[in-house]
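The next part holds the structures, each set out as C-alpha cells.
Across the two complexes that follow, subunit A remains constant while its partner is subunit B and subsequently subunit C.
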Partner chain A sequence: MLAIQNAAPYKLVLPFFIGAVIFYLFSFINLLLTKDILTSMHSLEVAGSLHLYLLGFVMSTIFGAVYQLISVVLEVPLFSKKTGYLHMMLFFPSMILLSLSMIVPQYYALGAYAGGILYLSFLIYAINVLLSFKALKEWKLISYYIFIAHFLLLTGVSFGIMMLGMIHFGWCACDLHTMIVQHAQFTLMGFVFLIVISVGTVLLPMFMLSHNWKENIAEILLAVSLLSIVISYVSVEAGYVMFASALLLLVWMFYDIYRKRVRKIQDVYSYEMIASMVILTLSALGFLSQQTEMIYFAMALLVFGFLSFFLGGHFYKIIPFLVWNEKFAPLVGKEKVPMLADMVNDRLAYIEIFIKVIASLVVVSGVVLKNELVLHIGLGIFVINALFLVLNVVSIFRFKGVAQ
Partner chain B sequence: MSEVVEKIYAEISKVIDPEVGFNLVEMGLIYDVDVNEGNVMVTMTLSTPACPMHEMLTNWVKEAALRVEGMTNAEINLVFEPRWNPTMATEEVKIKLGG
Partner chain C sequence: MTKTTIPVTGATVPFTTYEDNGLTFYEFNTSLEGPPAPMVNAMSGLKMIDSAQKRLVMINMQVPKGLLPKIEADYEWDIEEMKDDTVKLTYRLKGASAENTDFASTQCSG
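And now, the complex of A and B:
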C-alpha cells in the first residue's frame, strides 16, 4: 500500500504559503515604491526588490509545495521535520533582512550576515530534502527532477553567497555580471523551473483529472532544461533557444494534460493555468528573438507573469486543502462537509485574475517601451491584484463551513 | 451482494472527495468489498496515484467500514491496476464532470 505515515505537518507547510501571499503583496508595494527601475536594473535596490519577490513569494511557495508533496510523490517521509522547522525559522528573517539590506542603504552592512544565514537555511533545506532520498525505493521521473533541482539550487545559492562575499569582503575578483547570471540561471532557470515542471506533472493531471497524457514529454523536458544550462556556457544565444524550447515543451505538456482532462468544468485554477501557459508561450518567443529588449520582455513575462499565474493558481487549491484538512477532515463521513471549492470566493478570485492579466500586460509594456511610468502603473495594478488575493486567503481561513 | 456488504457500500458513500465533490462509490473508486466474519477488505483505487489525500481517503474508508455493525477489523487494499478512468464512474458523475 502506498500510504505514507509521515506527511509533513500543517504547521510546517502552511506558514510558507501564508508567507508567500504576504510577500507577494509586499514585494509589489516595494517595487512600486522603487524609483528608476528601468535605468538602474542592476542596482542593489532593484536587486533587493526582486529578491523580496523571488524569495518571499516564489521560493516560499516552492518550499511549502515541496514539503507538502515530497511524501506523496516520492513515497518517502521528509528526512527530518525538525530540520524543516529550523529552515523555516532561519529563512524568513534572513530573507527579509537580506532584501532590506539591498533596498535601504542604512542597512547595507546587515546584508553579509543576513545572506550568510539565508545561505545556511538553503543548505539545511536542500540537504534535508536530498537526505529524504535515502529511503527512496523506486526512482521515477519526478524523483530525478526533484533530486537534480536541489543540486542546482545548491549551486545557484553558492554563487549568491560568493557574490555577497565579493561585495562585502572582497573574497575574489570575479566578474560580478557573470556571477549574477550564474546565480539567476541555477536558481531560477534551474531549480525554480524544474520544481515547477515536477510539481506540474503531479498537480495539473490531479486537479484536472487527466489521464493517459504523454509523460514522455516530461522526460524530454528534463533533458532539454538541463541542456539549456549546459549549452549556455558554450553559447548564450543557443542557451536561450534551448530554454525557449523547454518553455514550449512545458506548454505542450500542459496542452496534452488539458486536452485529456476528464473534468471539463472551467474553474479559477484552470483559468490561471491557461493564462500562465499563454504567458509562457510569449516568453518563449521573446527568448527565441535573441534581441536584448525582447530577452528583458521574456524574463519579465516569466518572472512576473508566468510565476504569478502558475503559483497563484495553486494557492486556490493548496491553501483551501490545508485549511480544510485542519477544520473539516475529522468530520468526513460523520456530517456534511464543504468542498474545497466552496472555501474560495470565486468572485474575488475572478476579479484577481482579471486584474493580474491587466497588470502583467502593463508591466511588460513598461519594460518593452522602457517607460518608467507605465511600468509603475502596472506595478500599482499588481498591488491591487495582490490585495484581492490576500482578501481571498483571509476568507478561506475564516470559512466556517457551508453545506455543499 | 449481501446485506452487510451493501451497508458497507452505503457507509463508504458518505465519504466524499472534497476536491471533486463526489463520493468514492459513485466515482467508481471502490473495486471490491469482501467480508469475512467481521473482517472487511476494501479493494480501492484513487483517481491519481500521487493524490495528496490518499492517506486520508483510505483512513476514511476504513472508518466507514468499521461503522457497520459487527465489523471489527478493516483493511484497505489500494491498487492501481486497473487504473481508474471516468468510465468507472456513475452516469451522474460523468455528466457533472463533463461540464
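And now, the complex of A and C:
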C-alpha cells in the first residue's frame, strides 16, 4: 500500500511539532522563574517544570514523529486518524493543567483531574498505535521497537496515574519514591529511549544519506535497553551500568551511520547529531561513575542536553518537510521548487546551535558546582536559544520559495 | 554515445540525454540528494517519457518505494544495483501514454 495514502494528515502531525517548539520555549522560561532548583529537586514545583518540558516538548515531538512515520516505517496506516485528533485535543490542555497543578499551589487540586484526562489521552494514543499493528505484514526490528515502546509507555503512565491517585485520594500506601523511579524508568528510559533509537535508525540514514551501517547494533541495543530496566529491579547499580552500555551502543550506532554517509558535508543537522553523540558519551560516563551527584548530572545531560539537540536537530528536517509537502509539492514539475535545506535559515540555525552549546555547558556547570546562579544563567541562555528556534520555525512557515 | 545536458521543467539536478539502440534516454542522478529531491526529479522526468522509444534513467541511493506505487499503472521499470551501492532504475511506458498517473500527486512520504 502507498505510504503517502497511509500518511497521517498534516493537520494531525504539525500541531504536535508546533506545540513542541512553543513548549520548549515556555518550559525554559518557567524553569528560569523557578527558584532553588538544586536545593528542592524533589519538590512538586520542579516536578511540574520537568513535566512541562517532558510532556510539552519531548512527548509532543515524539507523538508528531510517530504519527508522521508510522506509515513509512511500518507501511501500515494509523489505525484511526480521528482518534489521533481526539488524543491531540485531550493531550494539550490536560498536559498544561497537570504541569500547572504542580507549579502553582492554587491549582494543586486540579492535578488529579488533569492527570486523569492526560492518562486517558495516553491510553487512546498508545492503543491507537498498537491497533495499527493489526495491518502489519512483516515484523521488522523497528516494528518490535515501536510495539515494545508503547507497552512501556502504558506501564510508565500507569505508575503516574497511581501516584496521582495515591497523593490526591490515598489509593494505596505504596512507596512514592519507588513509584517515581518506575514512572521515570518506563516512560523515559523505556518509551522515549526506544522511540529515539527506532526513529534514529530511519531518519539518520535518510537525512545523512548513509549506506550499509551496522544494523545489528540496533538489535543488540534493544536487548540491552530492555535488560537495563529489568536488571535495575535486582540491582540499581547494575541497571545504571547496563543503561550506560545502551547509551554507548547508541553512540556507536550514530557514529557508524555518520561515518558511512555518502555526502561528506557538515550541515545544521549533522552538527546537532555530533553534539548529541558527545552528550550521550558524557552521560554514559556519569551513569558508570555510580555516584549520586554524577547520576543527576548524567540525567540532566540526557534530558536537557541530548533531547534538546537530537529532537531540535530533527525540527530542521521534519518541519520543512511537512511545510514542503503542503506548500510546494503541488508545484512539482510545473516550476522549480525549493529543497528542504533552502527553507531553513542557516545563519539563525547555527546561532541557535551555538547558543544551545553554551547554555548546556553553563547549565551542566551549575549542576556540577551546585551553584543556583550559574544554573539560572544557563537556563536564561536556553530561553534565548529557544527564541532563536521559534524564529527559525516561523521563517520556515513564512518561506515563499526561491530558485535554488 | 554522447550525453547532452538538457533543461527539464521543475528539475533540481542536471538531466542528460543520449541515444542508444534506437532509444532516447533521459538520465539524472539523485544519489547525493535527500528527500524530496528523488521524487521531484523523477516526476519531472517521467513527463518526458511519452512514447515506447523513450526511457528515464534514475540513479538513486535506494529504490524510491514511495514513488513506485504512484506510477505503476502506466510505467514499468528495471532495477540494477550498482557497485557503488547506488541503484539504477530505468523507467518505460507500459502503454501508449501515462493517462492514469496523477502528476499532481507529488507529496513525499520520506
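The criterion applied here is as follows: the second predicted complex is superposed on the first by the 400 of 404 C-alpha atoms of A that agree within 3 Å, B and C clash if a C-alpha of one lies under 4 Å from a C-alpha of the other, contacts with A are read in each partner's own complex, and residues count from 1 in each chain.
In the analysis below, a contact is a pair of C-beta atoms (placed from the backbone, for glycine too) under 8 Å apart; a residue touches a chain by one contact, two chains touch by 3 or more.
As the structure is a computational prediction, the values presented were derived from the model and not from experiment.
Quick one: subunit B and subunit C on subunit A, clash or fit?
After superposition on subunit A, subunit B vs subunit C: clash.
Applying the document's definition of touch, where does A:Phe207 land relative to subunit B and subunit C: first, second, both, or neither?
The answer is both, since A:Phe207 touches subunit B and subunit C.
Once the shared chain is lined up, is A:Pro330 touching subunit B (first), subunit C (second), both, or neither of them?
Only subunit C; A:Pro330 stays clear of subunit B.
Tell me which partner A:Gln266 touches in the superposition: subunit B (first), subunit C (second), both or neither.
first
Return first, second, both or neither, reflecting whether A:Ser143 touches subunit B, subunit C, both chains, or no partner chain.
A:Ser143: touches no partner chain.
Could you tell me which stretches of subunit A are touched by subunit B in one complex and by subunit C in the other?
1-4, 7, 68-69, 72, 206-207, 209, 211, 262-263, 321, 324-325, 329, 332-333, 337, 339-340, 404
With touch defined as at the start, can you tell me which subunit C residues reach subunit A in the complex?
Listed in rising order, the residues of subunit C that touch subunit A are 9-12, 31-37, 39-40, 43-44, 47, 61, 65-66, 69-70, 85, 103-110.
Help me check something: in the complex, which residues belonging to subunit B touch subunit A?
11, 14-16, 18-21, 47-56, 58, 60, 63-64, 67, 76-78, 83, 85-86, 96-99
Quick check: in the complex, which residue numbers of subunit A touch subunit C?
Going by the criterion above, the answer is residues 1-4, 7, 68-69, 71-72, 206-207, 209, 211-212, 262-263, 321, 324-325, 329-337, 339-340, 404.
Please name which positions on subunit A make contact with subunit B in the complex.
1-5, 7, 68-69, 72-73, 202, 205-207, 209, 211, 262-266, 317, 321, 324-325, 328-329, 332-333, 337-341, 404
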